[in-house]
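Both of the next two complexes hold chain A, though its partner changes from chain B to chain C.
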Partner chain A sequence: MIDYIVKRVLFSIPTVFAVVITVFFLIHIAPGNPVDILVGENASAVLKTKVEKEYALDKPIIVQAVFFLKNVFFKGGGNSIYFGKPCFSVIKSKFKNTLFLGGVAFFMAIFISFSLSFIAVRFKGRFPDRLITFLATIGMSVPSFWLGILLLIVFSVKLKIFPVSGTGGFYHVFLPALTLSLPMGSYLLHIFRNELLAQTNKRFTVALKTRGVKEFLIFFKHIVKNALIPVVMVLFLQLGFLLTGAIITETIFSWDGIGLLLITAINVRDYPLVQSLAIFIAVVYIYSNLLGDILIGYLDRRVGFEKRDL
Partner chain B sequence: MKKAIEYLAAFYILILVIVSVLSGVLVGNGVYADNTRRLYKYTPYQIDKTSFLSSPSAKHVLGTDDVGRDILARLIKGTANSFFVSFVATIVSLIFGAFLGGMSGYLGGWFDFVFSRVFELFYSLPLMFILILFSPIIGENLFIFAVVLGLLGWLFIARLVRGEVLKLKNTPFLEYAKANGATYRYLFRKHFFPYILPPLLPIAIFGFSGMLVAESSLSFLGLGVKPPEPSWGQMIYDGFSYLGIAPWIYIPPSVLLFFTVLSLDIIGEHFKTKFSRF
Partner chain C sequence: MKKGIYRFLFFAILFICVIGFLLKPDYYSVNLSERLLPPSFEHPFGTDYLGRELISRVCLGGLISFSISFIAVLISLTVGFFVAFFASVKGGIVDKLLVSLIDVFQSFPGMLLAIVFAAFFKGGIVGVVVALSVSGWVGFARLSRGLIISKLKEDYFIYSIASGERVLKAVIKHILPNIKSPLLVQLLLSFAGAIIVEASLSFLGIGIKPPLPSWGNIIADGKEFILVAPYISIIPGIFLTVSVLCIKNFLKID
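Our next item is the complex of A and B:
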């Protein structure tokens, strides 16, 4: 198991490296002069020469690449034009807000999907089950900006229960977290419900029943444990999405996180910040997937670590 | 009951497709088109100087937006734009994904290794970033936007096709056909296509609805369809600024979007259960 983890971590390093290189080349492939892309066409000549020096854009491409790598790995991504600070320190200060929002949404999604799928399985095929599956189908197909605006109108504008926008404690986080967690929760609910039903029909359940094991013990000790494996897989595949896909939710609720920062950076043409954000988001994706893979390996002992795909 | 809902969903999508195909006839094509002789007398771009933010009335059936453009005309054109972008993007991602995934699954070896690494790389790069960088080329050209969106959405399909091809590669009947000297043409016609295409249909339908949402989300953020060209996401964004005072801008596109995605999910689910091999 340790072997597997070490191997995975080692294999992730080239991927991170490749992401950084790709970001560099994408900026060069993109139409227009890199200087114009980095600071915008209408920037002053002083700023342009300053940026040219900072990224060594007057030198050959290999030197530029080395400068870029140095900037990313040792200088905190270079200075943000808008904030005037190293990009990664700006990102770090915003990331804790996104982390808070994502964490709350994560637990809300788990709570919604688990409790409702238990009810759905308990009343299988009857009215509550059908209602919950129907609602989950709707919840899955709702675009997040649609849902966010709807919640905003109902709870903030009409009922005035929650604040319209802003960053803060649990009072502020509720609506954005709900917007994020409903689609994810419905998706999880579908998977969890189907998996629970599939496990209920397996032969080991029948065998346990004939031996007279109590119903709820079978359910919570055997069925749920087995059904959790695919759910955890999906949960962690969606973790990266939760942390970064919050762009729209954060824009709607003006939540001061990574997503809003990305939109701000685009609107003020702060490309050093945009590229640092791209690298940062990619790294978060890579490592949340890694974490998910390791956790699944830990849960699903039926497949040995040696046989797993890298 | 289930069948009725499925037929209703298919009917709804059919109507939207017909409307978007006929949108040129209904509301005109260009920014400067003259609509006085057409079926609907306003173009999506035409400004009515006498009514800004006016509520639905006999003159403007669904009201007007903040600069006095007719909502119904914009809605029709927006439907056409959204459907066009999503359709092209889905087709592009299907072709690209099926080809690369199939190659990687069938050839295996180093090609598969390289493909897996490229897959991982693209999977971890945020889509937004690439779209932002390429927004100068994309500009106002919907077709290029659709192609870029499609090239970014091929990952899922490629992975699926790769899995299917890997499964098919080791089946006895394929071995048998090859041992008897079957040509590639025969293999593709008799084995690959019948085996891989049916599971791709629900994926294509779900992909279409995903593209629709992606297009709307990007347009909502100002990265997709550029004004004055309307699309659902664009209209929802316009309406978002006037949420309290002019709900008629925001409600029609969002209701259409919601029911479209729901209907596509229902239809996709139908085909998924019909074609599933498990």
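Our next item is the complex of A and C:
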């Protein structure tokens, strides 16, 4: 197992490098002169030469790439044009808000999907089950920015329970977290419901029934436990969804996290910050997937670590 | 559920978009004396904050969303298929390189890639198509590589190569018909995803630029007026959700 983890971590390093290089090439692929992209076409010649020096844009492309790599790995992503601080320190100060939002949404999604799928399985094929599955089908297709606006209209404008926007404690986090968790929750619900039903028809359930074990004990002790494995798998592979979903949700609710920072950086054309954010989000995504893979391997002992491909 | 309800709904939405736009093609002219009017017989979807007819904006926006997403998905399919073709047929080092390229693109969340590319290309129709294709081709490439490799050892393919057909022609003529159904499923899922991403980009202000309407930027406009005119963002949202739902379940007959 240790072997597997070490191997996975080692193999992730070239991926991270490749991600950084891809982001570096972005500014060269985009139409227009890189300097114009960075400071705008109408900037003064003095500013242009200053930026050209600062990002080594007057050098050959290999030198620029090395400079960019050095910037990312040793100088905190270079200075943000808008904030005037190293990009990664700006990102770090906002990331805890995103983490809080994501965490609350994560638990909300688990709570919603678990409780509703228990109800759906209990009333299998009857009205509550059909209603829940129908809502979950819609929930998977609703774009999150529209869902957020609907929740704003219902809860903030009509009912006046929750604040419209801002960053803060439970009252502020509820609506954005709900927006973020509903699509994820519906997806989980589908998987969990189908898995629970599949386990109910297995022979071990019948065997337990014939031995006279109580119905709810069979359900919670044996069926749920077996159904959890694929759900945990999906749950961790969806962590990336929380990150990208946060970009839009934070913009709607003015939640002061890295998603809002990305959109702000795009709007004020702070491209060094956009690049650093892209790198940051991709790296978090890579390592959360890796963590998920390792956790699945730990939970699902049927698959040996040696046989899993990298 | 009735048979084929999703297909029916999808074509219904397409039909409404075409008819609605043909009935009121004027999505552009500002009429400040008729601002923020709620839906009525004269203005079926109401008017927006500049007094523009909402029905023609929503319908044109739908047509724009559909066509842009569809073009982007076709580009992704073509690029993905050819990358997969070279990877699987050449094998060896080419395969390894292309697979690691796919891996790198997959280590960005798709939405992030689209947002960053749209931002660097300054939005607009071209920017959105580039953003959607860049984030979309990976799925097709990975899927079709696996599928093509699984068919390379089939007798019919070996015969056609042995009888002197060119490899690309043989793959398109003999392998493509055999792998078309998983590709079709992926095509529909990507199409639905592309519509959502396009709408999100326009919502964030880096997609389709006003005055050209798109469901995303109409919803963003409506967000400023949810207190007085919630219908502005509700109506295009319903269209968006239903079309995504229908496209995802397009092949589901029961």
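The definition used in the following text is that the second predicted complex is superposed on the first by the 310 of 310 C-alpha atoms of A that agree within 3 Å, B and C clash if a C-alpha of one lies under 4 Å from a C-alpha of the other, contacts with A are read in each partner's own complex, and residues count from 1 in each chain.
Here is the rule we go by: a contact is a pair of C-beta atoms (placed from the backbone, for glycine too) under 8 Å apart; a residue touches a chain by one contact, two chains touch by 3 or more.
Remember, it's a predicted structure, so these values are computed and weren't measured experimentally.
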| item | value |
| --- | --- |
| Combined model on chain A where chain B meets chain C, clash or fit | clash |
| Chain B versus chain C as contact partner of A:Thr205, first or second or both or neither | neither |
| Touching partner for A:Leu262 - first (chain B), second (chain C), both, neither | both |
| Which superposed partner A:Val19 touches (first chain B, second chain C, both, neither) | both |
| Touched partner set for A:Phe241, first chain B, second chain C, both or neither | second |
| First, second, both or neither for A:Ser165, with chain B first and chain C second | neither |
| Partner chain(s) touched by A:Ala278 [first = chain B, second = chain C, both, neither] | both |
| Touched partner set for A:Thr251, first chain B, second chain C, both or neither | both |
| Which superposed partner A:Phe145 touches (first chain B, second chain C, both, neither) | both |
| Overlapping contact positions on chain A, where the chain C interface meets the chain B interface | 14-15, 18-19, 22-23, 26-27, 30-31, 37, 137-138, 140-146, 149, 152-153, 157, 240, 244, 247-248, 251-252, 262-263, 266, 274, 278, 281-282, 285-286, 289 |
| In the complex with chain C, residue positions of chain A that touch it | 14-15, 18-19, 22-23, 26-27, 29-31, 37, 137-138, 140-146, 149-150, 152-153, 157, 240-241, 243-245, 247-248, 251-252, 262-263, 266-267, 271, 274, 278, 281-282, 285-286, 289 |
| Residues of chain B touching chain A in the complex | 117, 120-121, 123-126, 128-130, 132-134, 136-137, 209, 213, 216-217, 220-221, 223, 233, 236, 240, 243-244, 250, 254, 257-258, 261-262, 264-266, 269 |
| Touch list for chain A against partner chain B, complex | 14-15, 18-19, 22-23, 26-27, 30-32, 37, 137-138, 140-146, 149, 152-153, 157, 240, 244, 247-248, 251-252, 262-263, 266, 274-275, 277-278, 281-283, 285-286, 289 |
| Footprint of chain A on chain C - complex, ascending | 100, 103-105, 107-112, 115-117, 119-121, 192, 196, 199-200, 203-206, 216, 219, 222-223, 226-227, 230, 233-234, 237, 240-241, 244-245, 248-249 |
